[in-house]
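Chain lettering (A, B, C and D) follows the sequence in which the chains are written, and residue indices restart at 1 in each chain.
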Amino acid sequence: MAIPTGHALATALVTGLLLGGLFTVTALGLSLIFGVLRLINLVHGELIVLGAYLSYILLTHASIDPLLGLLVIVPVMFLIGLPLQRILLTPLMGKGAEAPLLTTFGLSIIAQNLFILGFSGDTQALHASYANASLSVAGIDVPQIYAISFGFALVLTAATHLFLKRTAVGCEIRASAEDAGAAEMLGVNVSRVYSLTYGLGAAFAAIGGVLVGLAFSFTPTTGPGYLLTGFAVVVLGGLGSLWGTLLAGLLLGVVESVGAAFWGDGYRDFIGLAAFLIILAIRPRGLFGRAE
Amino acid sequence: MRKSHAIVASVFLLALALVAGGWTSARSETKEIEIGASIPLSGPLAGFGSFVKWGYQAAVKDANAKGGIMVGGTKMKVKLTLLDDKTDPNTVASNTDRLITKDKVSALLGSCTPSLVNAGAVVADRARIPLVTGCDPLEAFKSVKKWEYAWDIFFWEPDLASAPFKTLKAWGAATNKKVAIMHDNGPDGMVVGGKLWPAFAKQYGYTVVYKASFPVQATQFGSMIQNAKAKGAEIVLVDAVTPQAVAFVKQMFAANFHPKVLVIEKGAEPVQFAQALGKQADGIIVGGYWDASFPFPGAAQLRTRYEKETGQTYSQHIADSYAAAQVLLDAIAKAGSLDAAKINDAISKTNKTYVVGPVKFDANHTSRLPIVELQWQGGETKIVWPRKQATGKLLLKIG
Amino acid sequence: MHEVFAATPARLRAARLVSAAGLVALAIALATMPAFASDYTLLVCFKIFKYAALAQAWNLLAGYGGLVSLGSAAFIGIGAYTTAKLTIATGVPLIPAMALGGVTAAIFAALVSPALFRLRGLYFVIATLALASAAQIWMVNWNGLGGASGLYLTVSAPTTRGVYYMSLVIMAAATVLVAGVLRTRLGISLRAVRDNEDAAQEMGLWPFRTKLWAFGLSAAVMGVVGGLQAARLSVIEPYGSFSLQWTIDIVNIAIIGGLGTVSGPLVGAVFVVWLGERLADYPELHVAITGALLILVIRFAPYGLWGSLLRLKGETIWSRLRRRS
Amino acid sequence: MSAYPEPTGPLLETAGLSKHYGGVRAVDELDLEIRTGETLGVIGPNGAGKSTLIGLLSGAIRPSAGVIRFEGEDVTGLPSHRRARLGIGRTHQIPQPFGRMSVLDNLMLGRLYSAGSGYREARRESLGILERTGLAPFAGTLAGELTLLRLKRLELARALALRPRLLLLDEIGAGLVESELAELIDLIKGLRSEVDSILVVEHVIDLIRECSDRVVVLDWGKMLIDGEPEEVLADAKVTAVYLGTGTTQALAPARAAEAASEPAKPLLAARGVTAAYGSFRALHDVSLHVYPGEIVTLLGANGAGKTTTARVLSGMLAPTGGEIVFKGRRIDGLRPHSIVRLGVAHCMEGRRIFSDLTAEENLTLAGRTARSAAERDARLTAVYDLFPVLKKRRGSPGANLSGGQQQMLALGRALMAGPELVIFDEISLGLAPVVVDSLYEALAELNAHGVAMLVIEQNVERGLALADRAYVLEKGVVALSGRPDEIRGDPRLRALYVGEAKGES
């Protein structure tokens, strides 16, 4: 373990915070689905990767800028998510937590295999001017793309919050999340709400995927890694608590980066997971989760 | 419960019988030379797998095109069985078991990367079935055990590790001689980055100002890059697989760190690396053991053939896999028999120049491939060392 | 469905007879198999036994205890490394080393359980997954046990027959263990906690203790299997020993076979391994096919292939009994 | 009574025992003592805190304040398994079986732990208990497959398996037929020899009268009366608490009169409806009609099938037989959200307010069925006019509303659907009489605007006072039906509620 310099520490803090934004974005969809459908969506990682591949296709074949491409990708992923939930998961609702869980698990296995068939096992990355550029703030250099991701995290969280709080559909979603039976009783078509939510989750995953593709790189098997980080964020944030997800994401980013500054990047993920397990052991419902 | 025991007892018995019957009957009695390999067709290393697969198949095709191989007076076609090991060493082992016991292969070809190759080689060595492989750096291969039936054709880590310094020396490159070393802690990474680079740096009069290691799944290198930058290193030596290599470079530039020399072993070699980074790949150096421009028989043709058949850009892994398969097939031909011991003996006597260069095994069952230093220039690699082979000049600028 | 048979002594006696006969036949067949079966068959059986034992252990946890854990890889890895290190460093013979591997895994389970058992349902599932990958990352980075390069076992690897018999014994032991546990206080407590933890506590059992036993026992079995695997491979490193692939295979087998029955995991192992061997010739697709199969089973045979079958039988016999009473 | 041994000092006592849920005080400063050798009956209306009390004593619920002493020893901090081992056994009002275990194994647990018997021994003893509780034939059955009544038996058997010193019985008598009830009473009396003390929470007054040495009446989590069974049951306050006599009957006669001329075509008609939970048949061949603008009340003891009827009519539970027609259209088999769109709203038992949503959001959500925004706003203002307090608290989350306000909100939600028929399920549950009065005035007002209603009430008088017609359910079958005055006079009605106690009140 090495004691880092003040500057290094400051850098670690800032980068960590911004990186946390990326974590949040990759976790948001998971959180939404977890909160409303009470479902651990094990295929989330593959949805992220799929988003990245779609953007890659747009970029290489139509040279559409990845962020611009989101305008196409988000709706597309939404439309992919809808039937996925309706056809495969709806029949399993109310059959305990395991059945849908394992179904999504099976889906992720299939998806990974198909990615390899479709895109080969090669490493891909999305490049754009801002992907590798740096941003200097007070002598601290941080990746621009991290800053962009951070922005996305704030905007998406706020937007989702408003959507849930201000719109009629959002109201239906919150109602279904709390008491599906009662909601149905008041004329809410809960199964529609569910597939809608799942579609949203998929769309968010895609956004995360594009950012990941820009910031790092991706292969057909990149998904599970982000799934796990996503879990950590969602659970720390507390079941279905939107702001909790944001805060937890940022927290995780900072903890990992600062930890890495001390013990080296090798232990980055370990530190993250360890922190996750410890916090969970102390607060079984996550940092911001209220008891059910 | 007890009743269900009874039921299951019978079912289990039935199933096993079926299993046994089903498989023992599956033995092939045809007049073919059975060889096989377990390679990563899914999982993180599927990228390598696709090249290795092509290399092995190409060599077998060639042999069969010539009507097969003379064994015991009759020409026999070669049958190659490939199994997917999901990039999981446990699966490599059980696949190898399967190839040996079910497909009754006379010889085996290796997987890719030390952890996978070694897992299979151990099984083959134990079963006394010859296995020829590439894609496993010699030290990593030797360190496992004293091999009897496993053979490795690849580069020798010290060659790779010393190449950057030799290159700089050869071009008289002017740097502040401050070196930062960052390597993954995979078997080969530990050897090249962990042991050899520091040693050679010393030997060639460089000072290592920073050294760090990271796991193979890591995606963020921020703090390492910051340190290297802070220590004012002009020469950065990295050993990482492609996904990390790409992420590493992005983060390096994003952190505004532009050293004079950037060497990324392993990861910077395949063309996808350059595709993923575009112009920013320019100037990045990587050690290579093969390039289509090598003065060896069939080198250029192999490249064009690969790119014609697959429509993708080649990687050096097509060469060592192709050569490994050729070495094996030649040995079988020389042995003129399918007897494992005879084939193994023939392999040991291999002494011929293949598409990767001269192959001759030493006491450790390893044959060393010459290393060249490649530099990405305008989307393709140029040989910058040894100078007599050079196809381009060394650039001291990254991105 | 055994409860059904408990109702009529006559049936019970009959059942005992049949089962005894069946088990004896099975035992003889398995014991003598190496005499007539090919090496390949033996190795496939090794695979089947190995996974059957693992699935059996997982079944005790998830099927009877309702503790769905995705952390199996950690315990297998720990078993593997303990066995390896012991044989290399202290020259302990293989078998005791494997046993100690199991013990170490159980101890590890005991150490983490206070934290884990505070979590219920989904939280528990995720925490176990995180635990496993944390363990792997640690082993990769920490050079105390060879880091990512791993270890090479000096002890001579067991022969094909060797692993066949060892795995057979382990599977038999695991099965007997689970079947036995179900007849003890622990077995009942476990199922009670699964069905209704709070009510169980009001019946005077302390859920934590019950879960701990199940967790420890299953960890021990997994540890022993890990040890055997290490011996078989001779080279172990974190990516293989702590591979998520273990967890995936175990879950597949247990679910496809059927949770909450002693027979399910065995049948599941036979079926999945058999399928794997059949599909091995189509390397490009076999992973996807397994996934699709999993989805189909969950959808159409919620109690697993074997579980659903048993259930069917159970229902009919049960309804007959009901009519009589 | 005198046949029993004279009760001595307290086996268990509570001091200042309280449990608060948010604002609601389920149990409030309760000082209770259970003497050794006695059987203590606890009665009180729903929501009086009876089940909470049992939860507190068994350790399932942590108290907000107060102490619990068992044999003079403070057990307040002990987890439930420790208390069970000390000899406190309980049953649950809603059975909590180990569903995927055999009935026998359900009992084994208790023997193995608190009694510490060996396995075989435990098995024998458990079978013995099954014999006595009449569950022997089902020893091998999966508990999950038992009918509700047998599950209640299992609850008792399982508690006995602990060989408890103190037995806490939570409404095990509900929904039993006379013969079964007599059986149960004998069983409980028989237990006195082996159990030190018994606490019986019951609605079935016969059981209380027969079994208990002392009766305590709870209301609002406080002790109302404490004394000899006969005198307590004779007490006017008790009858009031149960039958709600003395409440306004102003509009009853008027309505009865106008109800004489019934329009020919029913708004809602259920014919021969049967429904089941698993293998338990909850409704059997139930037929009822509601005519336009009519108020029909549905009465019956706990577990008689009132709520099930409501669930079936509103589509939450698919009937297993019969047909349901609303405005000439079959609605059985439709999903709730489509039924509500047709004009049948259901104000569910237990309010089911969305605690995250504000009061107004709760309402507007329900108003989604409106064809236009204008229509929705009109309904909203209507609801606000009906319950001005809701308008005041429109912005605050459902969780922060008082019980009464929540119930108003639940009513309002039902109305937001713009229904022609509303099903009200136990809207007076756990509410202060004054609040209930105001709610009922609201109902009357609504009806004046032509909304037909099916009102489920456990408070008979309230129900009858409001209604044009009434149906009385007994064990899933319509036992009585007719005009309120007819019903009110019918002796069978009181028999259903307070058994033979009718004489006194």
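The rule is simple: a residue touches a chain if its C-beta (ideal position, glycine included) is under 8 Å from a C-beta of that chain, and two chains touch if they have at least 3 such contacts.
As the structure is a computational prediction, the values presented were derived from the model and not from experiment.
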Query raised in the report: Tell me, which chains sit next to both chain B and chain D?
Result: A, C
Query raised in the report: Of every pair of chains, which is linked by the largest number of C-beta contacts?
Result: B-C
Requested in this report: Average the CA atoms of each chain to get its centre, and name the chain whose centre is farthest from that of chain C.
Outcome: D
Report task. Just give me the whole-number Å value for how far the CA centre of chain A lies from that of chain D. Result -> 44
Query raised in the report: Whole-Å distance, chain A centre to chain C centre, using C-alpha means?
Result: 32
Query raised in the report: How big is the gap, in whole Å, between where the Cα atoms of chain B centre and where those of chain C centre?
Result: 35
Report task. Would you please write down the residue numbers of chain C that are in contact with two or more other chains? Result -> 5, 137, 141, 284, 287
**Report entry** Where chain A touches two or more other chains at once, by residue number
**Finding:** 112-113, 266, 269
Query raised in the report: Chain pairs in touch?
Result: A-B, A-C, A-D, B-C, C-D
Report summary line: chain A contacts chain B in the complex at 4-5, 7-8, 11-12, 15, 19, 112-113, 116, 120-125, 127, 131-134, 136, 141-146, 215-222, 225, 256-257, 260-261, 264-266, 268-269
Query raised in the report: Within the complex, which stretch of chain D touches chain A?
Result: 314, 316, 335-337, 340-341, 346, 348, 352, 354-357, 361, 364-366, 368-369, 413, 416-417
**Report entry** Complex interface listing, chain A residues touching chain C
**Finding:** 34, 38, 40, 88, 91-92, 95, 97-99, 101-103, 105-110, 112-114, 117, 224, 228, 231-232, 235, 266-267, 269-270, 273-274, 276-278, 280-281, 284-285
Query raised in the report: Okay, in this complex, where on chain D does chain C touch?
Result: 58-60, 79-81, 84-85, 89-90, 92, 96-102, 104-106, 108-110, 112-114, 119, 137-142, 145, 158, 161-162
Query raised in the report: Which chain B residues qualify as touching chain A in the complex?
Result: 40-50, 87, 185, 212-215, 217-224, 226-227, 230, 242-244, 246-247, 249-251, 253-257, 270, 272-273, 276-278, 280, 312
